[in-house]
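First chain written, first letter: the chains are A, B, C, D and E, and each begins at residue 1.
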Amino acid sequence: MSAALLEVDAISRRFGGLNALKDVSFSIKTGEIVGLIGPNGAGKTTCFNVVSGVMSPSSGAIRFEQRSIVGKKPSAIVSEGLVRTFQATTIFPDATVIENVMRGAFATTPVSMLGSIFNTRAARTALSATRSRCELLLERLSLLQFRQRRAGELSYGGQRRLGVAIALAARPKLLMLDEPVAGLNPEEAADFGRLIKELHKTENISVLLVEHHMRLVMGLCDRLVVLDHGEKIAEGVPAEIRANRSVIQAYLGAEEAA
Amino acid sequence: MEGSSIATMGRDEPRLAPRRRLLPAAVLVIVLAAALILPQLTSNQFYIHLANLMLLNSIFAVSLGLIASVGQISLGHAAFVAAGAYVSALAALSFKLPPILGIVLAGLVTGLAAVLLGKILLRLRGVYFVLVTFLAGQVFTLIVLNWESVTHGANGLLGIPAISIFGLPLSTRLRFYYFALAAFIIVVTFVWALMRSQYGRAFRSIAENVRLAESSGIDVSHYQIVAFALGSGIAGAAGAAMVHYIRFLSPDSFTFNDSIAYITMLVVGGRHTMIGGVLGALFLTPLPELFRGFVGAQHIIYGVILLSVLLFIPNGLVSIGRSFFSKGSEPETPK
Amino acid sequence: MDYSILLAQAVLNGLVIGVMYMLMAVGFTLVFGIMRVVNFAHGEFYMLGAFTGFFTYVYWEIPFIVCLLIAALTIGILGMLVERTLIQPFRSDEMSGMIATLAISVIIQNGAVLLWGPQPRAMPDIVTGTLAIGPFSFPWSRLVVIAAAALIFTAFWLFMQRTRLGRAMRAVAQDTETALIQGIRVNYIYPLAFGMSVALAALAGALMGPVFSVSPFVGLTPMLKAFVVVILGGLGSVPGAVVGGLLLGMIESFTATIFGSLMSDILQLLLVILILLVRPAGLLGQREA
Amino acid sequence: MSKALQVRDIHVEYGHRVAISGISLDVAPAQIVSLVGSNGAGKTSTLRAIMGLRSPSQGEINFGDVRIDRMSPPDIVSQGIALSPEGRRVFPRMTVHDNLLVGGYLQPQGSSLHASVERMFGFFPKLRQRRDQMAGLLSGGEQQMLAIARALMAAPKVLLLDEPSLGLAPIMVQEIGRLIETINREQGLSIVLVEQNANLALRLCHYAYVLENGRIALSGPGAELAKSDYVQRAYLGV
Amino acid sequence: MRGFLKVALLSAACAVSSYSASAQTLKLGVLATLSGAGTAWGMAMQGAAELAAEDVNSKGGLEVAGKKYKVEIVAYDDHYKAADALTAFNRMVYDDTIKFVVGPLGSAPALALLPVSTENKVITMTMAFTPKALSADYKYSFRPVIPSDVFSDPQIKWVVQKLGAKKIGGLFPNDESGQQVGAANEAAYEAVGAKFVAKEFFERERVDFVPLLTRVLAKGIDAFELNGNAPQTAGLLVKQLRELGFKGPIIRTGGDATADILKVAGKDATENVYVHQPINTDSPAIQEYTKRFETKYKTPLNAFSPFFYANVQMVFAAMQKSGTVTDSDKVREALLGLKDFETLLGKVNWIGEAQWKSNQQLDAPFYVAQLKGGAAQVVAKCTPKVCE
């Protein structure tokens, strides 16, 4: 329980002359839910992109289960068990809902590529097992009734849930959610929070969460990391963060000031 | 093959009622039987020649469609066709390699070349990929034209042998027809199986949403290269088959215009489906023959028909067939 | 021949073909930038412009500058009609639009053969003689082309920068929807831009008519070169088309003078591929979102 | 200057997706009206419908006594409605000056247009400093000012502002807020303000609507709404 | 597989039409480039066939073995591409069952369809300058036009002696004929003591030659050779050479391009230009043909046209002599048997035994002309051996 699942060690990322991330370090232990918060432009999304391999850090180290993942392709990092979602709704809009989740399960479907071409018995078995697993996932996210619908036709909330289902299908050990409830109404957001909590419990998934919805973040997270201008300005349990002066100045206070 | 498609395959269609599944199967059997028997009924070699070109063009269009299935359109496809043709023709002329092996070699060499080129070119996507493949195709033509010691430059290669299977030379149109038909069935079946497999799933994911595909654990560059190499390899092998049929090869044989022709087949037939490429090739290849007599106006009529198809059947010929099979039960989903 | 003469000759020649490529590419890139259409029929409008210039100059015997104006106007109007009827339906579909322009190109070219026959026609010189500066001599016929092209381009540039319509075109090119909510009627801007684009091609054709010759097939080369220039300069970028056109003209002139034609062609293409790989959006292009 | 904007029970769909199902609004002259709600609630869709970018499938939109819901955006602009779109959407490869001139596209050209530009520069002195810079090189806050100024160039009677605070630093958000108030006060313009920052939106407005799932969940004067339990819980993060 | 339906329909339609027309009709094919940049040459061939057909049809048809045949021309476009030519030729041979074809045009199409024409015994009248187009193996392939590798030698000798040119330069298109002609020309010039100091190749689409000409002129040449270039290109070369200040003689020792050179380059630039003239423009028969052609087709005569006209006349004569319009073997024998056949070109014969072991090349007198004041004046008459 105490071993760090993800260790982010002094990563920096520069765009041209701009320091989007500067010496940011934090770690996530197995079973933890950690929130990453900060004002717009603080570097949260850049941090997500660097950790998930979409871009490489200018300097610093990232270890997942003690192995360095710097320089690995995003797809390889996914196979290690580190899976992310995107800020905007990201689904495959033209495919059916179930096919969306099957694609998410691509890397975790134990089937040889050749086998799937020849449609061998083993391949059929593996695929149908994956399909059952995906249907289960859809059921948990209350999407099963739409399984044959075109994903693009789902409601906004439905698309957000589908995005999570696609990520879950990859059997993550660490799930990185980028503003998962942005744009959901309060009820939906609360439901979503309960869902994450439940998944965390039943699937033993650790979670790294970027979110502006403070109620959700405060209620859900074991620990918070606060970024501002690319630097980490605070880290601690929610109660500490709420009381932290510099956090109030940079971020929470903005609401009050407005 | 009929009715299923690159776009819909693997989308986990609702299970068709037995009768609905029977109809496409029956059509398939009838078409196959017709393809086997019809050529026997005509003594007109010209129609068989035309049928041969239709089959070869179908393969070219399908192979381009395979590359397009990862969302990339190549404007240099003819260069791969030509590369395959040159490999096999030169192997036959210089090393007396039997054409049938030459075709395999051509497929391997062009496929391998596509792997190497793909590593560089596939970093670009969308319209930039289209443009860079156009340029690469132009460079290829120039190289073939100027590397005289090997390719004989503009003089071209003459006396290329016909394919021979177990000592039986496929020197007549009819014999080649059955060879081309077999090749066509193999390619179409292979591509169909591929698109139905996990590969197809990966290809479609990449075409629809690259970022999400990558974060779903699909190695985008790997699968793009696989699609590019397979598509180019098939094109190269088919180009080789064609050159042992035409038996003359020059840098003019496959040019930018041919690349455009393949794309046209794909678009006119229906670019999101494999069968669309086939339909496009089957429709466009014999089309000029209908008005060959109108010299001068021939091309104008062709252009007008092409425009009309684009204007009035925007989803390609395949959409006509599909609405026939689905009988309007499933609403067409706009792209 | 002296090296300095060779050099001067190469520069002049690079300029002549450079400005032709520039005029072609500017129109080509304008249409791509605004409408997302790769216009494969662009060369045919060059050809039509050349014929218009030819017929008006030879048969009506009017001043060449009037011929240029007539060519730009008639072909421009023709272009608007073509856009309205044949290209507009493909607005949301780049690939079909591209193939539609191919079909249009086939129809125009073969129509020209039917109408005017395949024979090349020589256009009488507009000006004769050469300008001698020291040991260098430059044919006036070529200098006139450069001057005219510079003038045409300046007029075009001023139109784009200083007029209400020009600004509207740039706005549509950058963000169609936002342009719409400024009150710009995009549905009129499209045919207008297409008409202007092909009018520029027609001007290039009419200008080059006396230098080269006029036949239904003269459009192919400038069209392919415009394609390369636009890749080099950046799709949709007008400054890119100018820089790319002049650069390609110079590269072509110098490499052909030094290495011969074949090496020149291969070098040009390789260079452009290299640039594209390093800067996918071209020299001055904007990466698409 | 005394026309009212009325939206009557409009419905908007994108394909099979319903974005708005029955929204009605009233915007009186010289009034600031805020639309509050989460992403996907239908705020932006409402503005797009008013602007003619997406015709409603049902319902009516009237401006004064003119029905505008079947008009094209340019016609709506000429009626006196202008939009500063979400994400600012300045023309990045045009100068600040040209952006403003495009904003005045339908206005009489010539000296009066240049007078308007000067007025904008008076309003937004920062933009004057950047007059000949490419708009794409401006900072986020400056781009937002430019987008608002560009919309004002159309001399609108109703100004639609879509998420003017999005992605701006708190200090910038406050400045934009002040600007909105000034514009409303000095020009006597009606403003429809769409904001995720409910705090800001409710504080600025005369009247507000809370949108949820394409419907109006709640409406009332801004100050009143800000005090309501529901709004406090859901949108003000209290 | 819908295409098959199409083919079936097509075949039905064609079967009907060919049946109704076959009774007393002799079909003559024209397979040439009728679109794109080669159209001018293609039309020269098509026009020749049509005019020759007009001649016999106006007399009620061609009389062979007591029957009168109306001659019908079937013209197809080969796009100047091997594959397209092959498809069109297949249609001619198998669908239209034609045995006599004017064409193909260009080396690639010609080479591509030699096996088919031989297999089906179709007599072709080729306009392809590659030496491989003729061979004893391809005994139905005839060439009625004069290729430069056969005929340029005496002209080069004559020109070099007359002008005293020592250093020659030339530009050639980088295609089949360009590469052939370039090599042949160089050998021919060196054989008579001149030196080819600058030889450049260029891609066919090129229209601006100034950089290349600058390069050639930098080598200090006395004379420039135009052979191997398309007529329009030749005109452009002359024009641009003169613009660059080259005043020396410009020579074209093969292929007719006189009309185009004059049109494109204009009167002043074409002084001191010597051209190969395949026909004697002073001959009344040629002048009459020119008038007829230009009246009918409203386009200047390409000098190759009379050769095909003469060749079709020879085929007609051979048909009458052999008494058949279907047995191409017999017609071929009769064709080869024509000696000193009187045509508008003068007396013509078949030669080529020495080079190809078979007499399939037409032999006709040809000329060297000098351009003066915008017109060509014949200055020497040639045979393959000598010009005088």
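In this section, contacts are C-beta pairs under 8 Å (C-beta built on N, C-alpha and C of every residue); 3 or more make two chains touch, one makes a residue touch a chain.
Note that this is a predicted model, so its numbers are computed, not measured.
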Neighbouring chains shared between subunit A and subunit B, ordered by label: none
Contact-richer chain pair (by C-beta pairs counted) among A-D and B-E: B-E
Separation of mean Cα positions, subunit C and subunit A [Å, integer]: 50
Subunit C-subunit E separation of Cα centroids, rounded to whole Å: 35
Chain centre separation (subunit A, subunit E; CA means) in Å: 73
Junction residues of subunit E, two or more chains touched: 35, 174, 203
Where subunit B touches two or more other chains at once, by residue number: 142, 146, 296, 298-299
Numbers and ranges of subunit D residues touching at least 2 other chains: 15
Pairs of chains, among all present, that meet the touch criterion: A-B, A-D, B-C, B-E, C-D, C-E
Subunit E-touching residues of subunit C, taken from the complex the two chains share: 1, 6, 9-10, 13, 16-17, 110, 113, 117-122, 124-125, 130, 137, 139, 141-142, 212-213, 215, 217-218, 220-221, 224, 252-254, 256-258, 260-262, 264-265
Subunit C-touching residues of subunit D, taken from the complex the two chains share: 51, 53, 72-74, 77-78, 82-83, 85, 89, 91-94, 98, 101-103, 105-106, 109, 150, 154
Subunit C partner contacts - residues on subunit E that touch it in the complex: 35-37, 39-40, 43, 174, 200-203, 205-208, 210-212, 214-215, 217-218, 220, 231-232, 235-236, 243-245, 260, 263-266, 297-300
In the complex with subunit A, residue positions of subunit B that touch it: 7, 10-12, 14, 193-194, 196-199, 201-202, 204-205, 208-209, 211-222, 333, 335
Partner subunit B, residues of subunit E touching it in the complex: 1-4, 6-8, 10-11, 34-35, 46, 74-77, 80-83, 86-88, 90-91, 93-95, 107-108, 111-112, 115, 130, 132, 174-176, 178-180, 203
